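Each structure below appears as structure tokens.
The same chain A turns up in both complexes below, where it pairs with chain B and then with chain C.
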Partner chain A sequence: MNNQQSSGANTGSQNQVESFQYDDDIVRKFTLATLTWGLVAMLAGLYIALQLAYFKLGQNLPWLSFGRIRPLHTNAAIFAFAGNAIFAGIYYSTQRLLRTRLWSDAVSRFHFWGWQTIIVSAALTLPFGITQGKEYAELEWPIDILIAVVWVAFGLNLLQTIRIRREKHIYVAIWFYIATFITVAVLHIVNSLAIPVTFFKSYEIYAGVTDALVQWWYGHNAVAFFLTTPFLGLMYYFIPKAVNRPVYSYRLSVIHFWTLVFIYIWAGPHHLLNTALPDWAQTVGMVFSVMLWIPSWGGMINGILTLRGAWDKLRTDPPTKFLVAATTFYGMATFEGPLLAIKSVSALAHYTDWIIAHVHAGALGWNGLLSFGMIYYLVPRLWKTKPLNVSWMNIHFWTATVGILIYTISMWAAGITQGLMWMGMDSAGKLLYPDFVQTVIRIVPLYWVRAFGGLLYLSGFVLMLVNVYQAIQTASADYTNEVTDRYPRFKALTEKLFSPGFTHERLEAMPMVLAGLALVGILIGTAVEIVPFVTANSYSESIYQGAKVKHYTPLEQAGRDIYVREGCYLCHSQMIRKLDFDVVRYGPESKMEESMWDHPFQWGSKRIGPDLAREGGKFPNLWHYRHMNNPRDLTAQSIMPSYPWLLSDKTDFEVLSKKISVLKTLGVPYSDDDVSNAVALAHAQAKIIVDDLKANGATMVDEDREIVALIAYLQLLGKQIEAPQKVGAR
Partner chain B sequence: MIKEALARIPLQHMSIVGLILFILLFAGAVLWVNRKGSDKVYKHLEEMPLDLDSDATARGGVNE
Partner chain C sequence: MSDIKSDNKRDNKGDSKNTGQTSGLDVLMPGHEYDGIQEFNNPAPFWWQLFFYLSIAFGVGYFAYYQLMGGPTLKEELTVKLEKIEALQVKSHPKGADESVLMAVMADPAKMAVGQKVFGEKCAACHAPDGGGLVGPNLTDNYWIHGQGKLLTIYEVVEDGVLDKGMPAWRNILAEDEILDVVGYVKSLKGKPVATAKPPQGDLVSE
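Right after this comes the complex of A and B.
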């Protein structure tokens, strides 16, 4: 096939027509990486789904336990699968929209290999419990630094490519890419700030409510600016491309862009409704989440109506089918999101599987199907292959769609069922289901159904892998010869900038101004929400009203680090909401000050097990000892994993001085003595617990076992404030 | 100084402030996209993904 094309599209410019080649090799690389990591992400997801249905899976293997693999699944799905897909699509479309090769081959390659290194590092650290304990931001500080560097390289490449472009005007997709780059950079850097203790351990600089707010400002906007804006850019490029029609309304896309970028950043606190977060911040989060519905649907409608007059493509062209279904799922998920952000709906849905249904409608439906459609579109072009197998694409489409439906419907059912059971109280105010595990057993069958939905989705994906693999076998020998294009050189930029008068062309031709405006847009919401918490210490003192709150002893801190390492926070919240049924079940609502020394906060976002905020003193030490070894010994039907290694592995006492000293630097009121005597203090406290365990019949317990530190921590929960706490029902 | 200033921000009104900002932005955007002469620019922009001859390399692929 001849790959030398001439465009000759000299649009009346007097400038010189130039020949240049697109760098499609980098797009091929990112495409293959997307497919590879997609498989890993989905396998990990299926695995943890099965673990919830059948707790014995992977039992007694630390690196395969739920709390360690769940972060692997989310990171792989978001950063490895979706991430590589974004980069493939951005690099493909940007070059073509700007009529230029990417700025630097070297930087593109650095970006690619750097990103894969990050992913591999994640896969090698997360199963070993090396984590910062914040969702979607688990990776430890050395990897965080690498992420920042690689991300900046990507941004540099993008902005420089824009600078050297031949096409003056910047298509809306690229606006979305610019917003993605800028915002994710800000989010990642602000949320990852930490002080290292060792190469594999650090403490977040934020604590408690501040950390919670920063984390969900990050978490929500990772969804917004990593899983939404770049994909919207891809939608605005690939749907018109696939159906060969311009976007339904370009004007709408511009409004879509600015309103979305402005609103999204405010919505984070909807992850913290009814919690100890101050009310004003909750209200801001709720109001803006509801408003978010407007631009989201504007964008969805714009994407779908692009098919006007070409609806038959939905039947005849599989990539179009994927792209449009993806956009439909985007519409569903962004309808559900604002609904879930209403306080009273959140009271029912939060911590339940309803949220899991919601995120998978987004991840599998929107991000997944859009990536698949894009890759189906790209493969024949990138490798110059024979057409892909159409019936296989159709089968993939239906297994994926039905898989998503089974997945979301089962999780809606599970979430609403369990949520209602948690809320259930009789007229005397007694819980209908006082035993938490009752509410778990009820939904375990639905966990099987969900796993089946996931399996369907995965099998469709495997079919895609085979299809793509076979197509690539037919790649024409010269596929690596790069696509050549011709276009007049664009010199107008600098001329325009200095030309007299202010014209609209000037603004739209000025990416830096645009980037600056987008930055201002996201910083307004950020400033309003975060600054009051982060800036002045005295402000936080005033919100905590000089509360006298115990900080952790060295042994308790060691136990807390084990809690973080094992990912207990992925199944247990530590936040009793200001809701009757929470208070009756778990005890008095959590106060902001109770977590004021928590680096990182561990409020949690999911209750596969009960809340632990007031666990201290509820059970004797021996109960926890036996429960951690095998939860079924104490709660017959528990699905909690066993942690027998905590009974044999040793706590690292020596590092405690270092840890306490870092926490002291971060403002936890330890004395110099605490720092220098950390090890001795820990041993002394451990001895008391061991003596108690032995007195009650436990054999073979040594002070240095991890279980001892963990028990110390669990027994403190809810006891941070001196006042006696009423212990709730079990 | 800064601390005092921060402590004085009426945070409970932030939703309204944000809402007003949003309405201004929205109105601004609507006016902006309908500005004089925008027809020509948008016509050019919306066709950008389409008229790329280079893509002809793949003609004969599954989509055409």
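Right after this comes the complex of A and C.
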């Protein structure tokens, strides 16, 4: 692409015009990766959607069970699909906005291949249950380290390109890219700290409430700084480029950039409303979420109003359609988010499919459509192709939009229906739907509708793949020739153009200062929320009120690791909220102390099945034994997957000493004896359970079967506090 | 599809009239041009600013009320609600039953049919559909763990459960009538033939 005319117009004659090439090869690579992984992510999503509608799908195959594929879907959608799209767009726009080739070709390639390696490693570990058990941070420690290295390589490339830039001032898109790099680096590193046990297993250094808070500080801000800020940057580049109009308001950019960066980081606790997290942290999370609404809409306004004077492009130019629809979905999701962050709304919506509707309005609407619009814009330019097929792009647009609407509306309906059923109580103080499974059966039809919406979205995407493929067939032979541009270094934007004194414009000429301020911005909220939990010795009385809380026996810990491995937390919460209908259904509200030895915490975020915080003692051992083998034997219409392999696979007893010693290092009060005798202790406890199972008629159970360890764990849930409390509302 | 050439056109028709202006709508920021992208400096919409200030005011007020001025904690709010629910439960579901009521149930085929239905839905998973026992004990034999299998003790076990042993409490799940009916039905199971009888648990009772 060449911009000599425009640059020429602004160039002071004193500056030496330089000639240089853009590295578009790396953009092409990331673009193709986006399309490839997009397909994988969506197929995985469709698969798990169908599993909820029809539990028999993939039944009895461990590596295809819901709890293992859901993390694959989320990781693929976020880090593989959206991630590659971000890198494609950032590398394309940054070079042009700064009039500078990327700093290092080698680092760019390392970034590309490193990122793909991470994705492939994820795909090769998650289905096998190799996970850290924290949502969107499931990947085990060796992959975590690789992520950190590759991310820093990306950041280095970005910041160095900025350092050697020709354009003195950096445009708003670049501010967002900087904030993205800095914040994601901080989030990933802090949240992933763990001590390895083996190459494939580690324990997070945080436990219980601290882990919950750190995780959702991470989780929420992964949405903020991986799925929002970079995409806002892309929006600020691709919308004005596509419609050829000036951005609506510079000052709005300034305000909403800084308010977003500062406010977003505080909002994480809205994932933990009404839980055992101390009230003050919940309140902070809630009010900052409410304050986020308007700054978010600042971005939407700026994106959409940029079209003023070019509204006809919405009809005539498919990429514009996608970009603008994406921005509209952004507006919708960022209104819904603050709403859901209100404690009383969360009481209804949390753990239900309403949240699933919300994230997909964001992921399919905002991230998906924006990436599609961007790729449609880029492909003809990157490959020098004939124009793409317009009617196919239009069909894609409508299938995608209608698909999202079917998806979100069905999940709103499912979420609100189920939420109300959970709350429902009659005038005698009894639950209207005491059987959890009743509330599941009711929404299964909506799971079919949702799967159909997803299928529609996916089919539009497949059309896009065909369209892009055909276009690339028409690529001109010289498309790999690098695009040359000419521009003077630090063109003549002289200081006198700016108002006197400190202005934001000065900051734009000092990117490192801007980066530093953004870092300070995110660290303030982080410090206020996280530091009190991490530094107060988490086990001290100030937080846990000196409760005597049992830690897990080696066998229970082994069972817990199986629970984490199978992804039970993706269907079951372990957190009875401070809400009457939760307490009546599940027993006394969960206390912070109860999870104080939990590395990692397993409070969960979704109740496809009932809460398990007080599962211990609720059913006999044999019940669990049979239920895990086939839930339908005990609960006629259950949609929970069967886990027959737990009855035949063997628990790895030998690693237990190592596990217990790592946990001891992390502060769990095991004795040296526990460490050295872990295996013997586990066998002794297993024997008691096996004897009980046999006495009640189970045949063929050996102490070393995984089911025995899992039962030991399930039977402890809710019994962690030494002096048990009265169970039930009465 | 916007063609590629249009990238290079600096096409800001309609803005040119504003060049040089310093206030009002659609003023371009002087010098702001990045890869051909220019920026207006329009004011943020009034409603946008208004709601921003309102949301901040709400945030400050909410935080102040609940965290600084002694507004109720979540736990306090929960306690109040639970007390109300408990009062409702006690009122609608008095403790204890009359043996004669249970005898009447057993004599009423309609009620026994309800009892059988409830048993199939709620109890069969643990006691087997025919009562022969599975996870829970056989209810058709002459062995009883609790209170020799008298009507009133069956009633108590069903009402309050045996929580440590995995027998749920049904008091707040089933309606009072349903409990009476299923208890009558359980009592009637004695001696019925079963597919597979679980080995006896508890004490032999000879009536």
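Keep this in mind: the second predicted complex is superposed on the first by the 692 of 730 C-alpha atoms of A that agree within 3 Å, B and C clash if a C-alpha of one lies under 4 Å from a C-alpha of the other, contacts with A are read in each partner's own complex, and residues count from 1 in each chain.
Criterion: a residue touches a chain if its C-beta (ideal position, glycine included) is under 8 Å from a C-beta of that chain, and two chains touch if they have at least 3 such contacts.
Everything numeric here is computed off the predicted structure, so don't read it as measured data.
**Q** Could you check whether chain B and chain C clash or fit when both are placed on chain A?
**A** clash
**Q** Looking at the overlay, what does A:Met291 touch: chain B (first), chain C (second), both, or neither?
**A** It touches chain B and chain C both.
**Q** Go through the superposed model and pick first if A:Gly617 touches only chain B, second if only chain C, both, or neither.
**A** After superposition on chain A, A:Gly617 lies in contact with chain C alone.
**Q** Please work out whether A:Met425 is in contact with chain B alone, chain C alone, both, or neither, and reply first, second, both or neither.
**A** second
**Q** Applying the touch criterion given at the start, work out whether A:Ile524 contacts chain B, chain C, both or neither, answering first, second, both or neither.
**A** first
**Q** According to the stated criteria, A:Thr484 is in contact with first (chain B), second (chain C), both, or neither; which is it?
**A** Touch partner of A:Thr484: chain B, not chain C.
**Q** Please indicate which partner A:Tyr237 is in contact with in the superposed arrangement: first for chain B, second for chain C, both, or neither.
**A** both
**Q** Quick one: name whichever of chain B and chain C touches more residues of chain A.
**A** C
**Q** Quick check on the superposed pair: does A:Trp392 touch chain B, chain C, both, or neither? Answer first, second, both or neither.
**A** After superposition on chain A, A:Trp392 lies in contact with neither partner.
**Q** Considering only touches as defined above, state whether A:Trp258 meets chain B (first), chain C (second), both or neither.
**A** In the superposition, A:Trp258 touches chain B alone.
**Q** For A:Val583, is the partner it touches chain B (first), chain C (second), both, or none of the two (neither)?
**A** Once the two structures are laid over each other on A, A:Val583 reaches chain C alone.
**Q** In the superposed model, where does chain C crash into chain B, at 3-11, 75-83 or 129-137?
**A** Among 3-11, 75-83 or 129-137, the clash with chain B belongs to 3-11.
**Q** Identify the overlap between the chain B-contacting and the chain C-contacting residues of chain A.
**A** Residues 1, 3, 5-6, 9, 93, 96-97, 167, 169, 171, 237, 240-242, 244-247, 250-251, 255, 279-280, 283-284, 287-288, 291, 317-320, 376-377, 380-381, 387-388, 390, which sit in both footprints.
**Q** Applying the document's contact rule, which stretches of chain B touch chain A when the two form their complex?
**A** 2-3, 6-7, 9, 11-12, 14-15, 17-19, 21-22, 25-26, 29-30, 32-35, 37-38, 41-42, 44-58, 60-63
**Q** For a test of understanding, state which residues of chain A touch chain B in their complex under the given definition.
**A** 1, 3, 5-7, 9, 22, 93, 96-97, 167, 169, 171-173, 236-237, 240-242, 244-247, 250-251, 254-255, 258-259, 262-263, 266, 278-281, 283-284, 287-288, 291, 317-320, 376-377, 380-381, 384-385, 387-388, 390, 483-485, 504-505, 508, 521, 524-525, 528, 531-532, 535-536, 538-539, 542
**Q** Would you tell me which residues of chain A are touching chain C in their complex?
**A** The touching residues are 1-3, 5-6, 9-10, 93, 96-97, 99, 167, 169, 171, 237, 240-242, 244-253, 255, 274, 279-280, 282-284, 286-288, 290-291, 293-295, 297-298, 301, 305, 309, 313, 317-320, 376-377, 380-381, 387-388, 390, 393, 425, 427-431, 434-435, 493, 497, 578-580, 583-584, 589, 617-620, 622-623, 626, 633-636, 696-697, 727-730.
**Q** Show me the residue ranges of chain C that touch chain A in the complex, using the header's touch definition.
**A** Residues 1-4, 6-15, 28-45, 48, 51-52, 55-56, 58-60, 62-63, 66-67, 73-75, 77-78, 81-82, 85-93, 125-126, 134-136, 163-166, 168-169, 172-173, 175, 198-199.
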